[in-house]
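Each structure below is given as structure tokens.
Shared chain: chain A. Partners: chain B in the first complex, chain C in the second.
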Partner chain A sequence: MRLFKKTAHHDKKALIIGIDGVPYTLIREYLDRGYLPNLKAIVGHGHEIHQMNASIPDISSVSWTTFATGVNPAEHGIYGFTALRPYSYALSFPNASDVKAPPFWNILGKMAEGNASTFSLRYHKKILKSRRSIILNIPHTYPAYPVNGILISGFVAIDLEQAVFPASIHGYLKEIDYLIDVDAQKAHHDKDEFLRDLFSCFATRQKVVQHFFQEEPWDLFVACVTETDRLHHFFFDAALDEGHPYHEAFVRFYRELDAFIGDMVAAFRREYGEDAFLMILSDHGFTALRHEVYINSFLHEAGFLKLNPDGQFYERIETGTRAFGMDPGRIYINYRDRYPRGAVDKKEGDRLTEEIKEALRSLRDPAGTPVIDRIYARDEIYRGPLAEQAPDLVCLPHDGYDLKGKLESAGIFGRSVFTGMHTWHDALCIAPQGIAWDGKPSIADPADAIMRYFTD
Partner chain B sequence: MDHLSVLENKSIFIIREAYYRFKDIALLWSVGKDSTTLLWLCRKAFFGHIPFPVIHIDTSYKFPEMYRFRDERAREWGLNLIVGRNEEKLKEGMGPATGSKLECCSELKTNALKQVIKRYNLKAILLGIRRDEHGIRAKERYFSPRDAQFKWDYENQPAELWDQYKSTVYEEEHFRIHPLLHFTELDIWNYVKREDLPVVELYFSKEGKRYRSIGCAPCCSPIDSQARTIDEIVEELRATKTSERAGRAQDKEDAYTMQKLRALGYM
Partner chain C sequence: MEDKREKVTIKIPKPLYANLKEIIRGTGFNSVTDFIVYVLRDIASSHVRAEGEPLTKDEIKLIRERLKSLGYL
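Let's look at the complex of A and B:
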């Protein structure tokens, strides 16, 4: 028996399902082919499917952090999976403790005190009551931090004990052999075994999601499926090619994904009715990979980068280097006041930027096709207190050209085990009809729609 | 009193206090320069004879020079040496090339040490870590409690005053004591020189390379250096801007992260 009648306001519930790296265009195609009956029912039932822009650069750590915080990288501080320590070439791996803006679930949970952003300031006064959230497997939330509710970190989480909040749920995860992520290394030598792992990892993921969905009270439930991204990296060439040996497995994965989403949404509707808020989104798109493009080899050949043959990673940068690249298409100018072996004065920056842009625009593949689609200078896309840490230039390639930041490649073009690559312009968002998007939505926008739902 | 004597006195005071409060104590000796300095300070603290065991965690992947150095010093200084090995995992073939580096470290180092602590029912361990060597270590205290899971709850550390170290210990917990916390890398080398302390020859330049930090052979890489004597090392350190552990792949979390990212085509 309920002692107090719940108010309508308190009854608001939101279910957000993340599907890492799922492209809008592929979903449209699969909807047409009839592979995804449950998604079809959702899209035809009060929801619209939108093509969405990812973050720049379009990789999971940046995109999901942008989704979580509702602000651009110059405010949350994450520009990639890798960064260099201040005034050094020492590689570092930013994690959740480097994120400088609160995630929307902590604004909703009233857990963001003392950690404000332009986004949180819009909403924190409107949150009258702390809401409980379950946040499962969102990338770049490691190490797990306090939330009003439960958080299990996603990629790159290292130690399961540090990947859970509160610590008490560790026992349950251990018991069911929860895996944070499939071992992608396996795909490099045994694709079949990797695929088997992928399906079983997804099965465990579903089990955990369903467990917390049913057993725990919550107002906001966010769960992310990572396996789609992993499938795409190694098998994207099988997505539309019916003759491909892995096409059947690829489609089977999508049918399982569709069934999982169908079950979740049915349970959600059963419990909380038609007015509760549902959103399904990806953090970037995917397309078939034609060439890997080693941006540092290009910079080297063009005379911008000088490397010592010895040493590790960026420690190899030698005096005389004017610019270097980091994954995927980030380019940093080797400024004298920013790096130990810096070679460029601030006042030469603009001219050098133009010179690099010019060189990049002329980059052609062996068949003569241009590689780079757009080049952004820092201040064109990043606005906020942490813009100083941003790359000086970011390149977005044409589809098919996967920009890589590795330093030890011989030659500018190559291929390896990967058959899929990320795209910026082709993420997706399935959202309730009637949300006023300002043009084509971008990954920073969903947080706003979710917060408006809770505060209106 | 000169700088090095102040550091030395401080360390010896902590070592004696620790032994007074915990009789079931041992020294963890990696054979590197820091824990060898600590070993030396323990000898000084107890007038030449260390009254507790010295543990070497042997992953079986150390440099041959390190094994030789360990055995020579153990004999020369009459140490009660305990060699801890995770025999079970070594038999299964665990190594940095067979599993992840994280797993390798966690089995062959952390778990091997856990086994020794349990077998000898130790309540406290002396370690040669320094505050300047690694970001996370800056938050360490001289006396640092670990719980049964070996986790270090650094936000819940008791306030520490100079001679009011927290030293009550619960069942299943052990204390980590860090008498070298206030030494810097440069202090260590100056002290090694003053005391004429032997160190493993890997620290000195051979054919333009030397190791600045040593551990398991597969996970350490040398730096470019011409420093063949302690004086030259001190000179080099005064000029350098790179971090001491830059050559250690075994900054475990980073190694694991790197491996995960590379499997997906980054880096």
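Let's look at the complex of A and C:
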């Protein structure tokens, strides 16, 4: 039997609600339309709504890890859902054990010793007493790891037993048929059934969140709703189109989300008062998808990438390849000293980088519209000891052009079942008034605001 | 919020209750019931999570499928 850790009662309490992939602009529009009365009351009640930048690239594993650690990918080490093993083309799937910086809940819980980051060093001496946290469904926290409190992993958690800490909560989750994530494959062939699953998964999620909110002692409570992101991937074209067959369901989901947030916030304020810390945020935005853009097909057609027709994923890369892409807009130079069939010497890197940038800037859709909005070189955006693992270039597309890293596409442009795509510039943060953001906030900033609340 | 009617009553000896009340004083537990539920859940869970264990082939297959279903692979 594991004995409980004594936790002193603290007066400071923080509730953080994550809403995966919810765009600032859509929330503004829905607030104006009167769809979200509870959020409207929160925004008009000591809180401000901000448009926020996501991580680069703007996908959940990177963005939520940046949120959790308060540092950029060159410090936490996560650049995507996929990576290549060192000095190989073997695909790997980074998970929570690959995160090299402590999450702020483990700084607060005094469990980050021996795993410092520039962020944790700013705060660890200011934490006089360990704080207990409940962390529910944050992406990229799998396998679950020890926290001072409770953690249930979010996407891409596979095995529920490995997705919980402490192990003792597994029984409760199994009992209520907790689902880590809805089966998105269903949306590929039966959208109605997928929607039913989405509502049902959200209902169970709410039950679990409310259970731990009420039943466990905590100082920090962080819960994330994943279903919004799933809704957006397959139904974002229905968000504003009142004539769309799924518009009613889309808005109904948002009304349920609003009611859930309203209940949580009301309970939070009832229990801990008006001065307790409340934040609601997303990890990236979403917009309607016009074209999927297969970046490897572009690199292939432009002569940068050569592929063997046989083999698995990046093992197909042939001798003579100068660059290849990984999801969503990451581009890696095939350096001789970095990959088995590398073709590029270090001294050629700068010239090749410029060549690729120029080619990308000239990429137009079939109607002649430019696809790429910004291209960043590694050292422009990443700072830290793990910058060597970073992509050499990262592209951010114009809204509507969803960059895809797959290798087997037939052409550069296409469409599939997806109707929504992530955006970097349109994440959301609803935060207490008076936080001194340095310009437009980015996803690394909320951790600092939360830690300042607990340490000031 | 959760329906309180989903709970059942369990009786324990009064001296034990008093003892537990003392134990949880000054901790984050709001009540003896909270503490008992916490401890019983730990006992009820018989498995031990393997720390740092690499992902199995089946897990990797499932991760690939999940990522593919959302267009990330």
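Note that in this section the second predicted complex is superposed on the first by the 447 of 456 C-alpha atoms of A that agree within 3 Å, B and C clash if a C-alpha of one lies under 4 Å from a C-alpha of the other, contacts with A are read in each partner's own complex, and residues count from 1 in each chain.
Just so it is clear, a contact is a pair of C-beta atoms (placed from the backbone, for glycine too) under 8 Å apart; a residue touches a chain by one contact, two chains touch by 3 or more.
Since this is a predicted model, take the numbers as computed values, not measurements.
After superposition on chain A, the partners chain B and chain C are seen to clash.
When the two complexes are overlaid on their common chain A, residue A:Lys406 makes contact with chain B and with chain C alike. Within the superposed three-chain model, A:Trp64 lies out of touch with both chain B and chain C [touch as defined at top].
Once the two complexes are overlaid on the shared chain, A:Gln312 sits against chain B while remaining clear of chain C. Contacts of A:Ala90 after superposition on the shared chain: chain B is touched, whereas chain C is not. The wider contact with chain A, measured as residues touched, comes from C rather than the other of chain B and chain C. Once the two complexes are laid over each other on the shared chain, residue contacts for A:Gln214 go to chain C alone; chain B is not touched. After overlaying the two complexes on the shared chain, residue contacts for A:Trp424 are found with neither chain B nor chain C. Contacts of A:Glu161 after superposition: both chain B and chain C are touched. In the superposition on chain A, contact of A:Pro340 is made with chain B only, not with chain C. Across the options 4-12, 22-30 or 58-66, chain C meets chain B in a clash only at 58-66, per the superposition defined above. Overlap of the chain B and chain C interfaces on chain A comprises residues 81-82, 93, 155-156, 158-159, 161, 181, 183-185, 187-188, 230, 233, 292, 327-328, 402, 404-406, 416, 418.
On chain B, the positions that touch chain A within their shared complex are 102, 149, 151, 221, 224, 241-243, 246-247, 253-254, 256-261, 263-267. Within the complex formed with chain B, the chain A residues making contact are 81-82, 87-88, 90-93, 155-156, 158-159, 161, 181, 183-185, 187-188, 230, 233, 292, 310-313, 315, 327-328, 340, 402, 404-406, 416, 418. Across the complex, chain C is touched by residues 1-2, 4, 6-9, 59, 81-82, 93, 95, 97, 132, 143-144, 155-156, 158-159, 161-162, 164-172, 181, 183-185, 187-188, 207, 210-211, 213-219, 230, 233, 263, 267, 292, 327-328, 402, 404-406, 416, 418 of chain A.
Those residues of chain C lying in contact with chain A across their complex are 1-2, 26-30, 34-35, 37-39, 41-45, 47-50, 52-53, 55, 59-60, 62-67, 69-73.
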